[in-house]
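Dumping the structure here so I can ask a few things about it.
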Amino acid sequence: MLHIIKKSPYESSALKDAVEYIGQNDDVVLLTEDGVYAAKKGGKFEGLLVDLTKKNSVYCLLADIKARGIQESEIAENIKIIDYKGFVEKVVEHNPMTWS
Amino acid sequence: MLHIIKKSPYESSALKDAVEYIGQNDDVVLLTEDGVYAAKKGGKFEGLLVDLTKKNSVYCLLADIKARGIQESEIAENIKIIDYKGFVEKVVEHNPMTWS
Amino acid sequence: MKLGVLIKEGPYMHQAIDTAYNFIIAAMEEGHEINGIFFYNDGVYNRCATLEPPRDERNIMKLLTELELKGVRLIVCVAAGKRRGIVNQTVCKVEEISGLGQLLELCITSDRTVTF
Amino acid sequence: MKLGVLIKEGPYMHQAIDTAYNFIIAAMEEGHEINGIFFYNDGVYNRCATLEPPRDERNIMKLLTELELKGVRLIVCVAAGKRRGIVNQTVCKVEEISGLGQLLELCITSDRTVTF
Amino acid sequence: MSEQEKTKVMFVCRTAPYGTIYEQEAIEAMVMFGAYEQDVSVSFIGDGVYSLKKGQDTSLLGKKNFSMAYPILIDDFEISHIYVEKESLEERGLKDSDLMTEVEILDRNALKQKMNEMKALLPF
Amino acid sequence: MSEQEKTKVMFVCRTAPYGTIYEQEAIEAMVMFGAYEQDVSVSFIGDGVYSLKKGQDTSLLGKKNFSMAYPILIDDFEISHIYVEKESLEERGLKDSDLMTEVEILDRNALKQKMNEMKALLPF
């Protein structure tokens, strides 16, 4: 499954709820819209996200981090930055579930 | 101030954010809409709410608990149940701030 | 007391307008004056003239029009309305459309401003 | 691949339709087929014919109509639309209005269904 | 139609009732989907579990009580399964006796397996 | 108008930009309010602090970058004060050098005192 997370982890339970459903195997995570704030270095959710990357691929959407003034260098380690074509590719590879 | 909380504490940070702004003195809290879930006995936020009632008056709206199938007996201790007229009264007594 | 009301959410989607309506009815019964209701953000959709909810559901547009007939001033933000298609052709009453200055005026002239 | 899209949020208020639009453009560029876009919940507002956003902002209604001209099927839920006032007189194109069965059909006939 | 030919679709209900319209419009969709002879199931997780709470009475709100349709989803509207997540119930202090209809209570791992089998997941 | 006659109104901005329109329509209201010679202030708390993050570039989204108006709110639009909550910045790993304009950084207690002085609080 592809878990699409689009709410800020500071104001919504979307990330926390999704994490409970992210399995060991081929589950991957895409942070979009306000969901990208979870990926910021130095923020409260950096540790949780970095832990996730140990078992699952975690992506965040370039357009959303740029809009929010987050530089690529400010994205936590092992999180991959992708564009909308990458988003399409992930949907092709995995069945999507949106957590909003 | 009257702090009006209308989102579920399980999915939104509204209650948590509001609690940081509830002062010692004459601040009161009104739980409405999905905010009333915080007041349910046995739920995760019962303790937080009961602690709040030690310094501040906490109210929850009758129409909203009934709609959600919560009986008056299921509301945590010291939380007062009021109707829309009570809501109006609280707004008359305190300047309102809505946390959504 | 003079009470001002700000509505930021659309009808049916959020409970905001329902809570506001019940609050307003109670306030009027208690003898308070509703100084005006300002519709902003998705709140402007509440004044869409073509709502057709199922028969067994409340018609929010009509409930608000009843408040208007009781003398409550309804103000639909022109900018938020245009962005969303709530304009002269689609709003309940063209005279309700006005500018953001009306929201500030509501804050100034009301004893309390409540946001739903 | 055949991709189905479900839109649950209204224009401007939420970023959902913007993300969906950028996703759809990228998918078409990559040679995928957009099997249809179903507008449900507040999503029906995206097809309101009278949107007039400021000049320096995207017109979401027009962007979607451009997708339609490229062959993408747009489906506005009749029940969600009526409740919110998006009906024959206010929708971009009357032919777009259809029933919830179309959403299930989209799930059946698409390789993937993505919700925004 | 044979079971193999049916498409598996799951509504994933994560929202509390009445505060927003998502659950009401989700149930309207479930009722319609039931007519098409597919394999449609519903799962309640997070605040979604509140939708099934017994004793809802919306008379003071002036809103429609749409919860009456849940108990007849399976028999009258041919929904295949209603799943409720165990952990979400517990976190909210709810027991199965609090629910208005018979459901299959699953833990997260079991529910995740069901989700993996679906062709489409519709979050509400 | 004398300072005493002015009405004190505060926008309380709690939402991140772009995911929803609240902050964009809040700033549109701030700009209009500035013309009326009242005492209008703005506070950023919670995710609202992200609105002031430097370097926003919305070109890939196709959305308008409305953040350009923040630095000129005080000088050009006569907003009295821009307050930012210290604790919200820290929780998000942001420093004052991350912000695009000069603001008054206050801790929660101090900001609460400012709120207490207001006639109306407008949450966005």
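Should a chain be cited, it is by its letter among A, B, C, D, E and F, assigned in written order, with residues numbered from 1 in that chain.
As a working rule, contacts are C-beta pairs under 8 Å (C-beta built on N, C-alpha and C of every residue); 3 or more make two chains touch, one makes a residue touch a chain.
Quick caveat: nothing in here was measured; it's all calculated off a predicted structure.
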{"item": "Between chain D and chain F, the fewest steps along chains that touch one another", "value": "1"}
{"item": "Shared interface partners, meaning chains that touch chain A and chain D", "value": "E, F"}
{"item": "Self-contact between copies chain A and chain B, residue sets same or different by half", "value": "same"}
{"item": "Centre-of-Cα separation between chain E and chain A, whole angstrom", "value": "27"}
{"item": "Chain C and chain F, separation of their C-alpha mean positions in angstrom", "value": "25"}
{"item": "Whole-Å gap between the CA centroids of chain A and chain C", "value": "38"}
{"item": "Touching two or more other chains - residues of chain C", "value": "12-13, 15, 22, 41, 57, 79, 112-113, 115"}
{"item": "Set of chain A residues in contact with two or more other chains", "value": "6, 10-11, 13, 17, 33-34, 63, 83, 95-96, 98"}
{"item": "Chain F, residues touching no fewer than two other chains", "value": "14, 18-21, 46, 60-61, 63, 119-121, 123"}
{"item": "Chain-chain contacts as defined at top", "value": "A-B, A-D, A-E, A-F, B-C, B-E, B-F, C-D, C-E, C-F, D-E, D-F"}
{"item": "Residues of chain B touching chain F in the complex", "value": "1, 13, 17, 20-21, 23, 95-100"}
{"item": "In the complex with chain B, residue positions of chain A that touch it", "value": "10-14, 17"}
{"item": "Touch list for chain D against partner chain A, complex", "value": "1, 3, 15-16, 19, 22-23, 25-27, 29-30, 32, 112-116"}
{"item": "Residues of chain C touching chain E in the complex", "value": "12-15, 18, 21-22, 56-58"}
{"item": "Residues of chain A touching chain F in the complex", "value": "6-8, 10-11, 33-34, 37, 40-44, 46, 62-64, 66-71, 83"}
